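Next up: some structures, all given as structure tokens.
Two complexes come next, and they have one chain in common, subunit A, joined by subunit B in the first and subunit C in the second.
Showing the complex of A and B:
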């Protein structure tokens, strides 16, 4: 790639980063307001029964700044966040930032892995049916994909745990105390989330239609007329661009599914942490995870934009 | 062998099965034609007369739906004649129930594999094709020069990238694109329609094909650009002498560039002969459809005297329900009482009415 080709990419990245910063501010504000308006606080949930006197609770609230107005609380949170300080968890007392790195990494593995599993199932079926049209094989394949897409992920998760862990003992059980990462632990949740995130049939449909549309373009006919590879000429518009678009569009769905899968498999990721924090009204943790989820979603769309600009010569002129 | 035509199409039939109507759409229905070495054959006819489908059939580019092709497409090059439809019959099965076609099944992949095998050296190498709407016909994601070098490296002895690029620039210059070295790196969206068509022509000719098929090369371009493209084609014709099949509904383009002309109507050839005999309006012995076609072209007198143009009455033939008699009968204004019965009942042959000039009309049967 020539140096001049890097300029549009740099431009797009700058623009996307700016959008991301604005979006993070927006998301943090909305989440903060919702949390503020929601009934209860950490002390009504967690400290019930532990802190005896009403005075002690009031003291704790005071120490954590809960007595200030909501906007001054929000601004102090934002200023700290901009310095990389996400506060400490009210429940555990640990710094949220380092906690986020740990769960973020685990969820990233789960998300990327499941995305790959989804694509690994959907892409061959989509390509097969776009190239060969309706055949005796494409129908059952598509049916299979629709059925699989309809399986609820929690149900699939428990079935898989029962069969592979309890029945045959093929995979070790994950315990909440295990902090290290192991591919063996990761495999089952990745596959379950990849199969059960409910997007397979949609991915097949959009990729098949897009590939079919490109195949009937005039320039593909030209490629055939000159004896060149149709696959080579249709790759960018018929495959690369739709696949990156799918990845960007489906990341929120997979993150949503991750909350459930992480519960089921006891996977120490942000989904499980979010669940726990929501029950505890652990404000700093919830805010931090909301930020991290937004960053993940934005990363998907940044990836898609960069690929699009690299592939499409016209995009850099837009 | 030297005198054998470069391309000889015998009784070509290209049908598409319509599932909803349970019948074939007979887009090309028994076409016979020949292209001699070095000549330019013009193919004229209204939209839907089967011109383009004939051309696409020659290159095996009929895709989509259960298309059925029968007949022979004999292409002679390197001293041997090859049937481009050889071995394709086996991939289509037609289920009939009392003369009614109930089902057509086609092993699309097998068909395409076989076609690709037969056409391997032919597509782009021995037969090159240019299309209408040049902007959409070039790959929008690849620089123009790279698309030309791809063709060069596929079909000529040149495999070195640098050498192929030089060759591509040579051809871009040849089709009169200014600053060809700069245009080489341009994407199609940065070029005008006319320039894209020039690049398409360069890409087609860069492999020095034995036959060039130009399918409506001026359609979709501005009028001024159209005439420039025709000028270029005329110039290349006199310089290179490439055998060409030129498809157009524009009679002026055909008459300027062709040596012989085929007139198509309703999927078949209705008239065939030297360009002078067929496209000169004052010579009256010709197929009534050709006469009507010529009468519908605006001429000087229409502009000067504000004479209304003579449109051909009626609609283009419905190629599902082809009548038993002459295909043009329903729209013909030259039916005489003497031949009416024949016109209605039987389709006439393509019969010689003057040396080298054949027409499919009962008027010329005695």
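Showing the complex of A and C:
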């Protein structure tokens, strides 16, 4: 790419980073306020029945940072986070940050993999119906999209586990000694989340409408008249932009679905950790997960903006 | 859509008229299926509320454990404690009906207030909406709910308040867009020049006459989402707790038996979730096509 092509991207990246910083501050504030308003701080659960004297209680509170005013608590939390310190888990006593890297990576694999599965299913359907219009196949395809978007993802998970366990007799959870099927162990939840995250129908709808619109543009007619490749001319506007847009917008939903799929398949990711933390009222862990999830969502949206500006550099001046 | 159907040549080999007819028929089917589901849900809710059930949903019959569907007296069979699944499905509606309505009410009232402020007044409210929308969008809803569950208690009403609040920006931006469009219309200008108070213009001319269908559609879609959230959280163990039935915790309770090949106790509630949510989605989309004239192909 020429140097002049990088300028709009740099512009939009700068602006997106600033927006991200503002939004992450907002998210951290919301997270903090919710947990600050919580009745019965986790401290009292932690030391319940262990510390008797009032002075010892006060000392323990002091050590854990519970005695400060709300704004100094908030600021010390944010500054610690900026230094990469997410506190220690109340349940395990381990630092949250290193756990977050581990579970975040696992969830990232699950999320990106399931997005690919979603696209593999949705894109052919969308392109087929945008190019062919209404055919005998449209009705079943539309119904398929509706059924899939209403399918409870946990039940879908059970069906898949059952089929693989009983029909093919392979499931790594049963034979943990042989790691031969570990790729399968990774693949099943990815496919289940890809089908059941409820975004297939929206990807189909948005891509079909956009592609249909682009197909009726003048420049496509010109390309067709010249005998040039229609796909090449419609790719950027009719495919790349809608796909990145809808995927970026749906990342929160996919992460939400990941919470359930991780629960069904015992996938050691953010969702499972958040579930455990919600059960234990483990505030530092759930705060860290919320921030990490927000970072993922913002990364997706930044990626979408960059793709958009690469296709249409004028948009960087908006 | 319009420019698409004007195309000719190898891509669109269909004539306009049968297509429109077909689209209308599909929308009618969507809407009638959706209305059927809504009626079933409301009737079942009332049946559950007045305890007009074939069996007591809490009646444990260990001699009838895991009966298949069609067992005498138990239309949909029984679960792992011999409780009647059909009755539990009906009572399970209690778990999301009123909480779901609360979520819908919050999102509609909050959304139209914010939307009117942004569309009619603009300025600060507009910026606030944009920021609020972005804030809500940069957060997986389920993580936010888990946060609230951790902070307060696993109560379905708290969860539904969060669901309602997170839907506010969606409704707000739709209402705002509609108002920006309506503001250019003559009737709003006429109402303003007649000296009608802003309250009348907003409530009557804009919200009631022109945003009615939009709000109904959003209510339908919002209810579908509330059901999905309730069942997901009950499945995760944060919503309605055993022995009270919820479709989510019924699927969860049947899971162990599912692996032994006894599909029914968790499949029945899962199918109930599937058909109900599909009904609400179809109703929303069908109404959208019929009332708002947006034809999704």
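Note that in this section the second predicted complex is superposed on the first by the 281 of 318 C-alpha atoms of A that agree within 3 Å, B and C clash if a C-alpha of one lies under 4 Å from a C-alpha of the other, contacts with A are read in each partner's own complex, and residues count from 1 in each chain.
The criterion applied here is as follows: a contact is a pair of C-beta atoms (placed from the backbone, for glycine too) under 8 Å apart; a residue touches a chain by one contact, two chains touch by 3 or more.
The shown structure was predicted, so the numbers you read here are calculated from the model rather than taken from an experiment.
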{"item": "Dominant contact partner of subunit A by residue count, subunit C or subunit B", "value": "C"}
{"item": "Subunit B versus subunit C as contact partner of A:237, first or second or both or neither", "value": "first"}
{"item": "First, second, both or neither for A:216, with subunit B first and subunit C second", "value": "both"}
{"item": "First (subunit B), second (subunit C), both or neither touched by A:226", "value": "first"}
{"item": "Subunit B versus subunit C as contact partner of A:314, first or second or both or neither", "value": "first"}
{"item": "Which superposed partner A:282 touches (first subunit B, second subunit C, both, neither)", "value": "second"}
{"item": "Contacts of A:252 with subunit B and subunit C, given as first, second, both or neither", "value": "second"}
{"item": "Contacts on subunit A seen with subunit B and repeated with subunit C across the two complexes", "value": "132-133, 216"}
{"item": "Subunit A partner contacts - residues on subunit C that touch it in the complex", "value": "1, 3-4, 6-7, 11-14, 19, 22, 26, 131, 134-135, 137-144, 146-152, 224, 228, 231-232, 235-238, 251-252, 255, 258-259, 261, 263, 266-267, 270, 273-275, 277-278, 281-282, 296-297"}
{"item": "Residues of subunit A that touch subunit B when the two form their complex", "value": "132-133, 216-219, 221-228, 233, 236-237, 311-314"}
{"item": "Subunit A residues touching subunit C - in the complex, by the definition given at the top", "value": "19, 22-24, 26-27, 30-31, 34-35, 37-39, 129, 131-134, 138-139, 142, 146-147, 149-152, 154-155, 158, 161-162, 165-166, 198, 205, 208-209, 212-213, 215-216, 249, 251-253, 255-257, 259-260, 263, 271, 274-275, 277-279, 281-283, 286, 289-290, 293-294, 297-298, 301"}
{"item": "Sites on subunit B touched by subunit A in the complex", "value": "59, 61, 63-64, 108-109, 119-125, 128-129, 131, 133, 136-143, 150-151, 154-155, 187, 189, 200, 203-204, 207"}
